[in-house]
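Below, subunit A partners subunit B and then partners subunit C, in two separate complexes.
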Partner chain A sequence: MDLTTSLKICGSGLAAQRAKLDIVTSNLANVNTTRTPEGGPYRKKTIALAAETVADNFDSTIKEAVRSVKIDEVKEDANSIKMVYDPSHPDADAKGYVAMPNINIMAEMADMITASRAYEACVTAFDSTKNMTLKTLEMGR
Partner chain B sequence: MDILFNKTMDLLSGMLDYRSKRHKIIVSNIANIDTEDFKPSDISFKTEFGKTSSIQMTTTDPGHIGWMGSKNGPVSFEVKTSEEKVKIDTEMANLAENHLMYNMTVDMLARKFRGINTVLKETK
Partner chain C sequence: MNNMAISNSQIVSVASPREGQKKTGSASGFSDVLFNAVKEVNNLHRTADKAIQNVQAGNTGGLHEAIIALEKADVSFRTMLTVRNKLIEAYQEIMRMQV
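Moving on to the complex of A and B:
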């Protein structure tokens, strides 16, 4: 029995969901950002997660089924710019248009709730693992 | 030793093994809920538990029929990978069920140990 593997997997899930939440928050915070260190307006970012095999020498039967999760890459959406007519804006061009990040707040909020629910699911799984380990220790009493 | 630690122990420890394996698989399914192309798995017995652990029925007469399904050998498991995406409600239900069954198995083992303990203490 090796429940620490379960704890590790839970941890990887928590980290992944938290990273996703970070990205969503960054997108939400920068809905109106027109200036970035790289130049130009802020571009919407998305995160891609990947499954990873776990090094566990004890269980050969379930080796293929048990996967932890890792952050594969954070992609920047190059097309996520919309032109908004606002001549009074300091970054407006000669015609009065400003390049703004094209971020859909509703979609971001939905993503945020999904990530937060998935985080909660991981917390429940972690709790369950902890409870099982404690129960096993109780057996000897 | 067989009188003290009989087949109940074997059955229960086999059960614990299965439950902890299943827990690991369910946790991995939950952690990978947002992973693209991830297919959830589940684990089940390939052979029946009672049949694999050689429980013998006592035959005191040649006319008695023994335990029909007694076969020796370790319990083997089968991991099945689903073609659908991870369903969080199913996984959470499985997690809770597996958790309860695990705790129950541990409780039963603890009771067994306590029983032996009582026998050892009370016969002094």
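Moving on to the complex of A and C:
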């Protein structure tokens, strides 16, 4: 596997983790949002990452095996609403209940830490690949 | 990197003392190989330059791509340096041979 393929996979990993972090940030920021352009409260979004094959023409053994990451889809969880009793809220319905997004802050923070650590792991992998390549250049010195 | 790998072996085979007679004959071929290698490194540097300009223009989403392009250019440049050092070493080895 040559350097280009390895770096491409690293790059896709970094982009995917950054996208995941963006989604988590969006969820955290909108934890109390009751009005959205689509109507109704903000719905929790989740991201699905898919693996796709890389066109690697260097090593045919690994060619079929390695995968880069692709952002497959961002799904909205339509059922993530909880009804909170708050008659003084401007969006309260006839019975005094407000539809709030059912976002668990602790779960989102855990997702954020996971994405952040995965990003750092990708950067470490990139560093290791580069160090290996530079060490190769030192052979026979 | 693939191109560099191919040109590296070609250069070494041309410069080895055993094929000294072929040297003048394939001198133009060797300079072509060298020229292509340098052009490839230059292209990588230009790609990195463009990627950095893209980030500076405000698209900070492409930051990791700019860094990756920079590192690719850096590695290819170091490869070229190493090849140059080996070439000079081989040349000096030949010049040291007693007539």
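The criterion applied here is as follows: the second predicted complex is superposed on the first by the 135 of 141 C-alpha atoms of A that agree within 3 Å, B and C clash if a C-alpha of one lies under 4 Å from a C-alpha of the other, contacts with A are read in each partner's own complex, and residues count from 1 in each chain.
In this text, contacts are C-beta pairs under 8 Å (C-beta built on N, C-alpha and C of every residue); 3 or more make two chains touch, one makes a residue touch a chain.
Since we're looking at a predicted model, the values are computed, not measured.
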Next on the checklist: Once chain A of both complexes is superposed, is A:T4 in touch with subunit B (first), subunit C (second), both, or neither?
Outcome noted: second
Checklist entry - Looking at the overlay, what does A:K130 touch: subunit B (first), subunit C (second), both, or neither? => result second
Next on the checklist: After the superposition on A, what does A:R18 contact: first (subunit B), second (subunit C), both or neither?
Outcome noted: second
Checklist entry - Touching A:A51 in the superposition: subunit B (first), subunit C (second), both, neither? => result first
Next on the checklist: I'd like to know which partner A:H89 touches here: subunit B for first, subunit C for second, both or neither.
Outcome noted: neither
Checklist entry - What is the contact status of A:V66 with respect to subunit B (first) and subunit C (second): first, second, both, or neither? => result first
Next on the checklist: If you tally the residues of subunit A touched by each partner, is the higher count for subunit B or for subunit C?
Outcome noted: B
Item to check | Shared subunit A surface residues [contacts with subunit B and with subunit C] | outcome: 2-3, 10
Item to check | Residues of subunit A touching subunit B in the complex | outcome: 1-3, 5-6, 9-10, 12-13, 16-17, 20, 48-51, 54, 59, 61-62, 64-69, 114-115, 117-118, 121-122, 124-125, 128-129, 131-132, 135-136, 138-141
Checklist entry - For subunit A, which residues count as touching subunit C in their complex? => result 2-4, 7, 10-11, 14-15, 18, 58, 126, 130, 133-134, 137
Item to check | Residue numbers on subunit B that touch subunit A, as the complex places them | outcome: 16-17, 20-21, 23-28, 30-36, 38, 41, 43, 76-77, 79, 81, 88, 91-92, 95-96, 99, 102-103, 106-107, 109-110, 113
Next on the checklist: Which residues of subunit C touch subunit A once you look at their complex with the stated criterion?
Outcome noted: 1-2, 61, 64-65, 68, 71-72, 75, 78-79, 82
